[in-house]
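In the two complexes below, subunit A is the common chain; its partner is subunit B in one and subunit C in the other.
Coming up: the complex of A and B.
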């Protein structure tokens, strides 16, 4: 039984890396065929070499650490704010009427549209970078918390009223647990959004540290291998975070996390 | 009567729902008194308003004409004096069986809670299942958990909406005996909707027969048999025939109840 489970997992991993390997092969063929000069598209080996160089220098890990920390802080703030705001609009029709039109209008402005204003207000600082990341997480978390709270089945609300649960008890015992799958979806979308605007934050609001900074450096030096290495780093790390969050979400949905009694 | 709490009275009650801007009358001039400690069942074809009537007794429906009283006081909203087993079991999927049974026991200490949960799970034959999740139960098991949950908060009036509907015939008969035993033990008022006429006769002091469009009480039949009842006795079959008779007259589906 156990051996079967492991082999299944291995199979999944092999399946997942098969396509990147094929892609790398095609890339190599492309170069062998002479379609592209090494200046515009270095061979895979060059990029691999770049990775070895990057990771043997502790500075690169520090760039990664700074980016991860930046995303985590921004994402945390955005999650908290989005959860509270979504809860408020979900619970109160009045709050929805007041805030929803404004929220939906503001949401239409792409992140990059805020950059000039944010730079003029805050300068090239850490604060605006984190702010952009948290706002990116804020939107999907607000929306999904809102719809989760609004769509709590009427049956559960009736059950709560039969047992006389109101206010905070009602929120704690029925509304949040019932909305949790939707909130969890919002959180994983939020994380993906945070991670993808990280590049916007790091490239447009210049800074000495971060993976985005490395990509920008590669562009400045016309070092395509460095740019590609940076992009792959961002993709792999983003994917790892998504998988991690999915695992947490699955655990939550199984009811384990919240059903542990105090 | 051993105690006088839990007498329910419905007086000239009518109820309409607004459907597509039209007022649709669901219940018409319902008059019913359920004395404290009585066991009353309600039978009637699907859609005749049985669930609606229970919801009014529970306090979930508040727009109607006429009166709904408990111990002489107007029902305004649900209260801890009444418990319900909904037609759908309505267990919370994110709580374990044990936590579902403890759902209404917020005010109790942990130890007392555990005691009540254990006692009531045992009562419905589900001891050992407290850490299972509702999704891991069969429909019948889920209904039994719902019964345990309703009983655990010790209501004076227990409303049951087809609580045994999802059970197999044997478990169903066992649960009927258990319900009767509980009712005798706890001396609470029980009002139960069922589609099973044998079940109604086996359990109740009175069988309320409803007919549809709009829902009216057609007849209330007393069941003056001693307990425990013998389902094969001639009195039992006579009452059954009397009830079936009611369904032949004036319903669109004369054979719906000839089970």
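Coming up: the complex of A and C.
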């Protein structure tokens, strides 16, 4: 039984990496056979070499650091604003009636559509980049906080009124802990959106630093190895961030208590 | 979600809901006409309306909308169809799932816009690059939702199909696809929404027609009314596409509550 389980897992892993390896092999063969010039599609080895070169150069880490910082600032602003706005609409029916139709109408415009306008308003600098990243995080977090707060079980609210919880205590002790799973979903979605929009921000709003900028630079110099290396970097970083946030969210959810103590 | 929300509101609430946008519009118009804000920075709503009418009269509006819609349709068909087929194959064959599953998960980690420079290097900056880019956007939600739907077909249905001796195509069209339809339609909605977003992105990147082009051109000649008109068009068309699919979904899936499938 145990042996079966292990072999199954190994099989799954082998199956998972088999295709990428075959793909890499085909990629290499493709070039050996002379179907494509190395200039147009560099061999896998060249891309690996590029990685080594990039990571031994401190400038590349700096590009990564700038991107991460940019996404974190935008994500933080968007999360805070979205959380507060969602909480407000969730708590007050009047606020919902006033803001929700407007919010839903504005949300119809895809993020990318704002780029030309935002550039005209703020120019090609850091502010519009951070702004667009925070708006990307703002939508899912607002929506999920709102629905989390609205769906707090009635019993909890009854219990709270028995204990005489009001105002901030009610929000802090009952509503937020009860809405936490939904808020956490919003935060994961928001982070994914922020990371995705970071690329939009770095590619469309030109800047000297950032991983997206490096990809764009690779295109300008016709350095395909740099472009591919940049794409892989972005993918791995995005994945690492998703996993990290999932872990944090799980930890927070495990620790959440709906407390009846003041 | 927004639709259900509107139905829930009474007349008084509807007035309240209209109040805020109206107030914003009035403040916007007022701010510009009182010279609080230059009309080079913010086009007043009336001028914006005028720009849209002018665009419609000159024929530029239809031309550019049609150009964008054509790109969306071709890209969506390419990406959606391949996602649909691969999703079914992956759900029915554990072998294919083991091969493609991890690869798709890995590729999905890369934000789609990061592919843009590479696509342009390979395909040039013409139509095929735009189709391909839109297809990437349409592909992911379609493959994931089709896979989810088909692998969620209840065991009972499979057994019934065996009893009736349904095989290959009949099995696929009579059992698998109808049962997975709700999930597939969610995939189509997400997929079309992303296609629309990506076509605008592709057009902003470089093109000579389309709604995105209208906006880049407006920016280049510093005509902010064109940029804002483009923004309104992007929102309205995206909303209309979602609405059409929502209606179609209600027609086809009477038994099921529609889900909010809009991408942010």
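Operating definition for what follows: the second predicted complex is superposed on the first by the 219 of 262 C-alpha atoms of A that agree within 3 Å, B and C clash if a C-alpha of one lies under 4 Å from a C-alpha of the other, contacts with A are read in each partner's own complex, and residues count from 1 in each chain.
Just so we're on the same page, a contact is a pair of C-beta atoms (placed from the backbone, for glycine too) under 8 Å apart; a residue touches a chain by one contact, two chains touch by 3 or more.
Here the structure is a predicted model, which is why all the values come from computation and not from measurement.
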Can A:199 be said to touch subunit B (first), subunit C (second), both, or neither? second
Which of subunit B and subunit C A:17 touches, first, second, both or neither: second
Based on the superposed arrangement, let me know which partner A:235 touches: subunit B (first), subunit C (second), both, or neither? second
Could you say whether A:84 touches subunit B, subunit C, both of them, or neither, answering first, second, both or neither? neither
Of the two partner chains, subunit B (first) and subunit C (second), which one does A:155 touch, if any: first, second, both, or neither? first
Between subunit B and subunit C, more residues of subunit A are touched by C
Look at A:163 in the shared chain and tell me whether it touches subunit B only, subunit C only, both, or neither; answer first, second, both or neither. first
Subunit A-touching residues of subunit C, taken from the complex the two chains share: 1-2, 5-6, 9, 13, 16-21, 24, 41, 95, 98-103, 106-107, 109-118, 120-122, 196-198, 200-201, 204-205, 215-216, 218-219, 222, 224, 227-228, 230-231, 234-236, 238-239, 242, 262-264
Touching subunit C in the complex, subunit A uses residues 11-12, 15-20, 23, 40, 97-102, 104-117, 119-121, 136, 139-140, 189, 193, 195-200, 203-204, 212, 215-216, 218-219, 222, 224, 227-228, 230-232, 234-236, 238-239, 242
Spell out the residues on subunit B that touch subunit A in their complex, using ranges where they run on. 58, 60, 77-80, 82-84, 86, 88, 90, 92-96, 99, 103-104, 106, 133, 153
Subunit A to subunit B touching residues, read off their complex: 155-156, 158-159, 161-165, 169, 173-174, 177-178, 180, 255, 258-259, 261
